[in-house]
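Both complexes shown next keep subunit A, but they swap its partner, so subunit B is in the first and subunit C is in the second.
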Partner chain A sequence: MKKNFLVALLAIMLAVPSFVFANGQSESAGDKEIEIRFSTIWVGADTKAAPVKELVDEFNTANAGKIKVIIEENPDADAYRSKINTMLGSGSAPDVFSFNPDQTSFMFYDSDVLMDFTDELKGDWASNFVDGAIESATINGKTKSLPFEMGYTPIWYNMDILEEAGVSEIPQTFDEFWDACEKIKAAGYVPTSQMTGGTNAWTSMLWYCHILNAIGGPNVWEKDFATDPVFVEAAEILNRMYQDGNTTVDAIGGDAGVSGGHFLAGQTAMFINGPWYIGRVESEAPEVFAATQIGPGPGDKYSNGQVGFPQSNLVAANTSDPAKKEAVLSFLKWMTTPENAAKISQASGAMLAVKTPGVTGNRVQTQFNEAVNNASFLQTHFQFNFATDVMAEFGQALAKMASGKATAEEFVAQIASKIR
Partner chain B sequence: MQNKNGKMIFIFLLPVLILFSAFFIYPLAYVIATSFSKWNGFTAPQFVGFDNYKYLFSDENFRLSLRNNIVWAGVLGFIQVPLACIMAMILARRPKGWKFLRTVYFLPNVISQVALAMMWTAIYNAQNGVLNALLTFVGLGHLTNNWLGNMDTAFAAVIFQQVFYIGYFMIVILASRLSIPDSYYEAAELDGANILQQEFHITIPMLKPILITTITLALAYGMRHFESTFLMTGGGPAHSTSVMGIMLYTDMQALRYGEGNAIGATLVIFGGATIGLIRYFLTKNSDN
Partner chain C sequence: MASKVVKEKKRLGFLGTFFKWFYLIFFLCITLLPLIWLFITSFKTNLEFETASAFSLPKVWQFGNYVKAISMSGLPRLFLNSIIVAVFATALNLIVSAMGAFAIAREKFKLNNLLLSVIMSGVLIPIIALMVPYFRLIKNLFLIDNLGGLILVYSAINLPISVYLIHGFMSTIPKELEEAAVIDGCTFSQRFTKVIFPLSQAGLATAGVLMFIYCWNEFTYAMLLTNSERARTLQLGIRYFKSQFVVDYTSMLAAIVITMIPTILVYVFMHDQIIGGMTNGAVKG
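After this line comes the complex of A and B, so read on.
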């Protein structure tokens, strides 16, 4: 009797975890409603939150009783990235999610944890995407993520500050740029927003990329980072942006909140970020929004180059359950129809890798499109070309150089030491 | 009878032993084993011998992180715990409002580290921070600084915000202090001992076991310190506040699990050895 009781108890104990950790997997069997967990940062204050939720709701209504997509909210981008990496590293993944396409994320293509879309994209689906987008997400012939959001990061100029300082035109060369900086400081403002903190020193990393565009031209990332002098030369220019009051006193150690906050507060004249920031500037700083003009960075040997890169790719967990796979593909196809992508783009200002017919933007969105369309060339950013630990070293090395404790050569050498 | 008791003890210990083996011994062995490999977490690890350790110990930033962990351990063990002990001794004398003060000192321990880190980041902010505003207000404007962005002050600033959160150790020491019979102090007072003499000759010797325990705990917290530094500076600027936990985290994010596990193994071995050594010196006299 006692033995039977113990066996029963053991059986219950073993069975409990399978219920607790099933995570909707068992529901895909038979005719039951298939549950898809969509883990995303497009929630809360994110400008894509409302249109994404609307599309998910529409999909759920259209597939009532068959498929149900549940949004798992992850409002913190850095924490989300950590969570996804940890999950993927442990061999699991949310049913649908997004990642920043970079050399670390693409390493997961070698695993079986991601769903492979290669065959699916051989059909009509591929025509939904802009030219070259699918190729940017294809490695060794496999497409295991869907390009979704593109990042373009031209320079944001606060023309009220520039005009008050006596600068009527956007600086076209570095001489004009430094001249404008002096005038802006004389008028009581700070020329540029910068930051060394966060996981990627975002704003300063983008300034560095613009400088590289100007002095290194297209294909600069094909050069050897450790030895090519263009990277040192660009570092010297970036360092100058940190000296003599050319940026705010809290830039060293500051994060995106610091960098963006100064621009929103009308304290800095020049800033860099992507189109996803337009909605925030419009709602939180209407005066700055009204004064904002989008344009290229100062040119040198090359001019009018822009920084553009895949920002977010949609990804799905691999599954051996054909019904679940079908449901996931059905949802992803829904999210990537031109009509639905247009809804997201229209509402958020985001620029997508999916065709978005008929989208009309506000003044700044239109300037973004013009800046990208008129660019002499588009080049990806530092983050796209290196692994996350190299990216993390960028901010640390920049802080050292900007503090006067490392030269531009040492800045490059410190980063290069992490490239393996 | 003794044999039967031994079996019972073993049976009662078995569940804990199984759990401890499954969730500590096995992962620890796995971490150590894979620390000798190049491994991205999802393909088969490739054995690389001591390469990960050679790389780490040749890395200036790793040595700096190790040093920072040791400083953290020292500050928590030999500044925070003594501060907590002093405060516990004062409160044990039951001055007016001592219960209120006890609660106030303990309060930060129930507040999220994230909230505290955010608060201190705002206090230290170079442009709009309270600290710089205060310095300017009292005529010390020349001392204003980018506290978390200056390589020379960031580490001290991060430690400073943590060292005064003495509540946890204070409560532990206070509980032990309140268990010392009042008659000891009454007798000492009759013999003419003043308060300081009473504390040095009665309280501290009686508290020695709990002090060794709290110092050991503080050293362990210091060796594995991560949260507030990660939240406030991410280890920057220029790695000046970095600790081994942050280096481990960065390696894990970059899918360098072999190197990350080498850091983890070093942390366990080095931390264990340091704590063991300090405990040995602290308990040496007691054992005698």
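After this line comes the complex of A and C, so read on.
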């Protein structure tokens, strides 16, 4: 009797919350409305949250009774990436989702879990995307994700600080750059924002990419990271940016809040981030916003190169249900029309891989566009070219080098040891 | 001579008291300072958070951070979900752990120690390593995006530590009590339900509080196994202020302050049981 009671109690404990709070494991079927679950990080504080929701609502209204898209909110980008990788590793995926187009994500192209858009993109749909975008998402002739958001990360210069230090022009060479650093320090400011923390040492990783642009040129990622001297030479320059007061004392171990915070506070003169940061600078530090000028990094053998990379690709789960596949394609085509992409870009400031006609921006956004359009070449960043574990090693190795515990050669060797 | 000894004793007594209080105050500061920082910072602007000194007071107290914390992330619903998951998962975990611990601690058979070691080895497995198998399991049980899935996983993940704690406590109960119960006609299950289980309350409370705090603070599996607000817990609500590139730190800290309240209350009201249970379990050889 007691045994039965305990067994019943255990069953009730699990069953009650399961039934009371169940929201149904939905499946599409027959003539019923097809439900598409759209798993995304464009929620909460993300600037794309509102326009994306608006577009989804418009799509649902236009397809009432036939297709319904439900947004599954994933507020934490790092945890979302881990979740998607776990799901893909388990052989399943949300109906529609986004991923960071890096080498780890592209590994799932080999599986059958992702929908293949190759044939669909042979028609008019491909013309919605900017030149070269589809190719960046195509591997071995298969396009299993749609390029959506692009990241461009030029240098942000606080011209008030530069002018106060007696530097009237953006440094064009590394000699001018170091000279400017000395003048900035003499004026009581810190030359650069840096960071070794976070999952990817974001700001410093981008400085490294700009240095590589200058000394390694447009095809630097085709070189062998372990053996080509250009990577050591760039590491030496990056290390110098950490020495002699060229960055803040909290840069070693600091995260994006540290590197961005110093720039927002008008303490550092040079900083790197993408267009998504413009709104924050404008709202929280209007004086810094007014003084900001966007431009390339200092040149060397090559000049005026910029760092640009696919930031988010749209992806769908493979399905054997033709109706569901049709519904998913219909939604993805809706999200990637130039008119709808323009709405997202206009509202959020994001720069997309889909054509966005008629989008206007503020002064800094315009400078972003000019910097990208006038660049002599665009090159992807470190993170795009290596797997997640290699990226994680970058920050660790940088912290060691910046604190004097490793040389530039050892910095490169530590990272290279993770590259398979 | 005697006065010298008394003086020396007094001096040593003073030194002992001094070091005792220094030690206590030092660790009090280590414990409290982050909480004070958290509370003060939750009232600052993001610019103050990133640029002002850590313990400086905000220029203008931003009560709006708390309003934003509650409204933006749907905290009330997530709060309810967290309570349901924590309460049911703790209860389920304790019942299963207590039965397992009873068998290992009170029944003598050849594999007692081996069985305990095997269960305890679960503590050594990083939970990230279990993400794929747990995801597949819960998906096949149709419990994705369902509170039942979280309850099941949390109960299972904490079985090793709960079994260890309760086992340690049950081992301290004199055998004679059980023998008397058997003479009085108690069956195997009655020995558990009428004798051992009631006498293990302190151990159960310790395991229960640790389990509750784990459930309350867990994020990884809550993110993995849920897709919507209907099944999500508080820890996900906190992340609503962290987008891909920009973090609204101060609203996030306000949300953290709100979510800390229940765990602090649980500890305040049950700290005797927690400490008592842990030390009782610890001294048993």
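Definition applied: the second predicted complex is superposed on the first by the 393 of 420 C-alpha atoms of A that agree within 3 Å, B and C clash if a C-alpha of one lies under 4 Å from a C-alpha of the other, contacts with A are read in each partner's own complex, and residues count from 1 in each chain.
Everything below uses one rule, namely that contacts are C-beta pairs under 8 Å (C-beta built on N, C-alpha and C of every residue); 3 or more make two chains touch, one makes a residue touch a chain.
Model, not experiment: these values are computed from the prediction.
Trainee: Look at A:113 in the shared chain and tell me whether it touches subunit B only, subunit C only, both, or neither; answer first, second, both or neither.
Mentor: first
Trainee: Is it subunit B or subunit C that touches the larger share of residues in subunit A?
Mentor: C
Trainee: Touching A:45 in the superposition: subunit B (first), subunit C (second), both, neither?
Mentor: A:45: touches subunit C, not subunit B.
Trainee: Identify the partner contact of A:73: answer first if only subunit B is touched, second if only subunit C is, both if each is, neither if none is.
Mentor: In the superposition, A:73 touches subunit C alone.
Trainee: Taking the superposition on A as described, I'd like to know which of subunit B and subunit C A:227 touches: first, second, both or neither.
Mentor: neither
Trainee: For A:89, using the defined touch cut-off, is the partner it touches subunit B, subunit C, both, or neither? Pick first, second, both or neither.
Mentor: Both partners.
Trainee: Scan A:405 for contacts with subunit B and subunit C and give back first, second, both or neither.
Mentor: Only subunit B; A:405 stays clear of subunit C.
Trainee: Is A:198 contacted by the first partner subunit B, the second partner subunit C, both or neither?
Mentor: In the superposition, A:198 touches subunit B alone.
Trainee: Where on subunit A do the contacts from subunit B and from subunit C line up?
Mentor: Looking at subunit A, the two contact sets intersect at 82, 86, 89-90, 258, 262.
Trainee: So in the complex, the part of subunit A that touches subunit B is made up of which residues?
Mentor: 81-82, 85-86, 88-91, 104, 107-108, 110-111, 113, 196-199, 248-254, 258, 262, 387-390, 392, 395-397, 399-400, 403, 405-406
Trainee: Can you list the subunit A residues touching subunit C in their complex?
Mentor: 2-3, 6, 9-10, 13-19, 21-23, 25, 37, 39, 41, 43-47, 49, 70, 72-77, 79-80, 82-83, 86-87, 89-90, 92, 94, 256-258, 260-262, 264-265, 267, 273-274, 276-277, 280, 284-285
Trainee: Per the contact definition, I'd like the list of subunit C residues that touch subunit A in the complex.
Mentor: 45-47, 49-51, 72-73, 81, 84-85, 88, 91-92, 95-96, 99, 131-132, 135-136, 139, 142-149, 151-152, 189-190, 193, 219-220, 223-224, 227-231, 236, 239-249
Trainee: Considering the complex alone, what residue numbers of subunit B touch subunit A?
Mentor: Touch list, subunit B to subunit A: 40-43, 61, 125-127, 146, 148-151, 154, 233-239, 249-257.
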